[in-house]
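One structure is given below, represented as structure tokens, and several questions about it will come after.
Letters A, B, C and D name the chains as they come in the text, with residue numbers starting at 1 for each one.
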Amino acid sequence: MTTTSSLTFQPVLERIAEEIERTPARGTPADYIPALAACDPRSFGMAVAELDGTVYGVGDWREPFSTQSITKVFTLALDLAREGDELWEHVGREPSGNPFNSLVQLEYENGIPRNPFINAGALVVTDRLHSRTADAAGELLSFLREESGNPALDFDEEVAASEAAHGDRNAALAHFMAAYDNIDNDIPVLLDQYFRQCSVKASCADLALATTFLARHGIRADGTRLLTLSQAKQINAIMLTCGTYDAAGDFAYRVGLPGKSGVGGGIIAVVPGRCTLCVWSPGLDERGNSVAGVAALDRFTTLTGLSVF
Amino acid sequence: MTTTSSLTFQPVLERIAEEIERTPARGTPADYIPALAACDPRSFGMAVAELDGTVYGVGDWREPFSTQSITKVFTLALDLAREGDELWEHVGREPSGNPFNSLVQLEYENGIPRNPFINAGALVVTDRLHSRTADAAGELLSFLREESGNPALDFDEEVAASEAAHGDRNAALAHFMAAYDNIDNDIPVLLDQYFRQCSVKASCADLALATTFLARHGIRADGTRLLTLSQAKQINAIMLTCGTYDAAGDFAYRVGLPGKSGVGGGIIAVVPGRCTLCVWSPGLDERGNSVAGVAALDRFTTLTGLSVF
Amino acid sequence: MTTTSSLTFQPVLERIAEEIERTPARGTPADYIPALAACDPRSFGMAVAELDGTVYGVGDWREPFSTQSITKVFTLALDLAREGDELWEHVGREPSGNPFNSLVQLEYENGIPRNPFINAGALVVTDRLHSRTADAAGELLSFLREESGNPALDFDEEVAASEAAHGDRNAALAHFMAAYDNIDNDIPVLLDQYFRQCSVKASCADLALATTFLARHGIRADGTRLLTLSQAKQINAIMLTCGTYDAAGDFAYRVGLPGKSGVGGGIIAVVPGRCTLCVWSPGLDERGNSVAGVAALDRFTTLTGLSVF
Amino acid sequence: MTTTSSLTFQPVLERIAEEIERTPARGTPADYIPALAACDPRSFGMAVAELDGTVYGVGDWREPFSTQSITKVFTLALDLAREGDELWEHVGREPSGNPFNSLVQLEYENGIPRNPFINAGALVVTDRLHSRTADAAGELLSFLREESGNPALDFDEEVAASEAAHGDRNAALAHFMAAYDNIDNDIPVLLDQYFRQCSVKASCADLALATTFLARHGIRADGTRLLTLSQAKQINAIMLTCGTYDAAGDFAYRVGLPGKSGVGGGIIAVVPGRCTLCVWSPGLDERGNSVAGVAALDRFTTLTGLSVF
């Protein structure tokens, strides 16, 4: 990881951090598992990674946090690279219009989840990657370590165990899709893979770097190609339309970048062909997105003029 | 309207037209009113307009067709320019996940439509523009004439009358929202405005030109500003997430541009900062989007590499 | 109307009235129109009519109140007598599981309302009766006058006008079903008929008498037959499963009789082959049923052992 | 079991059997598990049990069949007898308006199933009975043996295993409710109890006798009281409003008796204070009720005039 702290994006990040510092309301950390509830809502970090691996950062940008749903992007990329368009027979790519863990749509649509970023869809993608690799979570971890250049990245086994202990809703989703023959692996195996993958701890710097393959349209840190140009654009498109739960329209409206949030308070975003961002602040709004995180990204695109629109 | 036929985009358009020509299946024209059902499904036209007003075209690109829902974009711009963010207290900006004329979501969400591009949302926007101008449809027509440079653009009164005769579902939407105090004008007045606005006939050339204010981030053909930079980006964002009914995710995935379709078979699309497109072919898929139109835009972004992602 | 006040049911009614008198909480009168909001929530009346027309009563049992949805039972009987089972192609007979004025189910079920006692279903029945009689509301009024023996029964034009002024939701329902070709008459004509029919003012004594044709399995007060034995039982069955909005299961559980409530605070009930009841108290629970009314019927069946179960 | 074959109900049963014999169309047996799919759709049996235990029968009335959801009635009675009204904080008593295995309503209503006869509701009741008895299925089996006087009644372990092998949807329901803290036992334990209880094999004679405690308003075969008068009436009410999946309204309309069907093709029904019925024929309609079974009950109430209405 090459890091500099004096160039292009640094002043913007510092200005944003100052503004966020002055903002009183920051939402509430997720409280369904102890590890998330214990986060300090005043934490704030933000990093920008350029295509060449240069990273700028501010605040708690080197502090590892619980990535949660952010890893759904990487799992999708890893599976799509292996199976290609066949994946889309098992999961859609439309915004859901419903909360991320809803079962309603699944029932109306015969066990095919709306997109890979709601929980049901991520379960399907994990299931398929696991069938192809025999170790979906391990595959994800290797990828994140290589792209971030941080070999210390790891699962948080305590978080994974906590998720499993509160995992009835995800178990319900998995069994429900299994009833429609849309799950291959045994449910306990799948849930274990899924919860471990959600438990990865990584910093803003790590995640901004790990996301650059999307800004480089499919090229990994070592110069090899993971995805075709077209596939990379497609993942960016799905992030834009489906990446922030049922607030995707609002996020596109305010931020104007492909993004993916997690209930740990992190959000990654992509400026295709230019750079990636990762912001973290644990306080969430009622739809599960980081309050300060969305505000920071909103300011970033306003101040820099970077936006896909 | 300045038109040239030998420069940059012309060869691409011609190649696309040839490919489309060889495609057998083209969907089915809308059949709920006679004027649409009578369209020849083999019709195909496509135009590209550059920021300076240069237009390229192929096939039936000068043939006027029924714009239908495409005008929802312009009505939104005209109202947003007048009332600003207050509009968003009356209509959302999230993808609906449901067909364009559904009432289900309205009921769960207390009469606030999901976005300005489903019928319910467009009724609200029309209602609000009408309250501010006393002639929403006339305001729209003037705008389209001025931006396209075509003073002959007009309503198709026969289509408007047909829509009114088959207008029970839109009347239901309007009354339903009125029950939640989300409609100001009398329902018959509103419906008349709404149906006339949907009835505008225009060609691909006209619509590509009329859309350039979005590619120019708010600047009209005469150099005046209709929308702020931010507002223009916001409309592009809403087109991307909500512009093609419940296929917005798929359109973003395949085409990667902000777009808006109509059941007349037209689709407009924006390459921010670069150009606009309009394609027309009356055969629709089961979600109401032009089959050849989406295919042509898909080819265009693949061949040119133009995409927001 | 033959009335006695000393026989079988009188002591039970008096005991119930005393108990109700001591009950503090009585719900809230409907407030969507002024005439209902102005009702005194302490009002309480109850009447029992035997098969021979003997009526017992207590409290405000001779006080006319706004019948509202109670008249849906009579309109159904009048239409079923005329068109027979053909009606069931246009309206179902299943409990709705949703509030009485919901549009959600209508959309999923192609414009066929679940049953004749939700608003959508009553609009269909009124529409069909009006097509057969050219005066649905007048037909209803004549029937109620004849069965109750009270020629002074009448519409409350002020209430009808109020309903019309707040009628957007019913207009939405009517237009929505018209879009599915399930309404024959012009919507304004239908709504006028519907609102007038809801506006009838009648007392507990009037309504208990007017309902006896159901306890007599189809035989009217003058000895002529309105419905076949089978049809009368069918209406009783629909009252039991669908007569009290989305609380039908609870009403069957607590009261155990076919019943129909109105937001004016009245409820009619049938003990097949034995007698009918009408109770009135304007305070409603959150599902639109009279709080004291349900309590009084619950006590009645407990004290007398009368119940269909 | 005292049986006679010459008295009151015998001629009616024989007439019905002859009519059914002449009916060509009989629906399709359930096919989700092999044991049900293998049933002969021409099978037909019917039994009537009087309050004193006299049983009349016709056709395959002594042939054991898979009781499936019919046992939900007995499990409900056994739990209600133990815990009383506290049960109703965990399950509702309203008709669902949705298929018996739907998750949609559960999500909108926070994990509280609509009634004890949809799968979700029966899982809750089984869970609660199991917490109170440590052997819900065993408790049920003992009860059925004692009331029917048939000690040979037993689970069909092959059916229970089949159900478990196809149990993803019920597992989804159970996990989903557990996510709302509405399940006490471990899910695998609960599912085992649930599937065994559904697997009981019994004949029409057995089930008609086992149901008589409801016709006797709570009194068991040995004269002891299981339920209060009021509780017995309440179960009858719930059977009438919720006993035949999303066809309860139609069943009440046609048959007019409290009833409960199972996908094995059996239906039990109660004439309070008079007798009980059980009919069996494996061919189902699209809502999961026996075609010949409903037709036979319809004829029975028409021919005898027995009906609660």
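Structure notes:
In this section, contacts are C-beta pairs under 8 Å (C-beta built on N, C-alpha and C of every residue); 3 or more make two chains touch, one makes a residue touch a chain.
Listed by chain with UniProt protein names: A, B, C, D = Glutaminase.
No experiment lies behind these values; they were computed from the predicted model shown.
Using CA-based centroids throughout, the chain positioned farthest away from chain D is B. Between chain C and chain D the centroid-to-centroid distance comes to 32 Å (mean Cα coordinates, whole Å). Here the spacing of chain B and chain D, counted between their Cα centres, is 55 Å. Work out the mean CA point of chain B and of chain C, and you get 48 Å between them. Residue positions of chain D touching 2 or more other chains: none. Per the contact rule defined earlier, chains pair up in contact as A-B, A-D, B-C, C-D.
Of all residues in chain B, only 92-98, 105, 114-115, 230, 232-234, 236-238, 240-242, 246-250, 252-253, 256, 258, 272, 302, 307-309 touch chain A in the complex they form. Note for the complex: chain B touches chain C at residues 102-104, 106-108, 168-169, 171-176, 178-179, 187.
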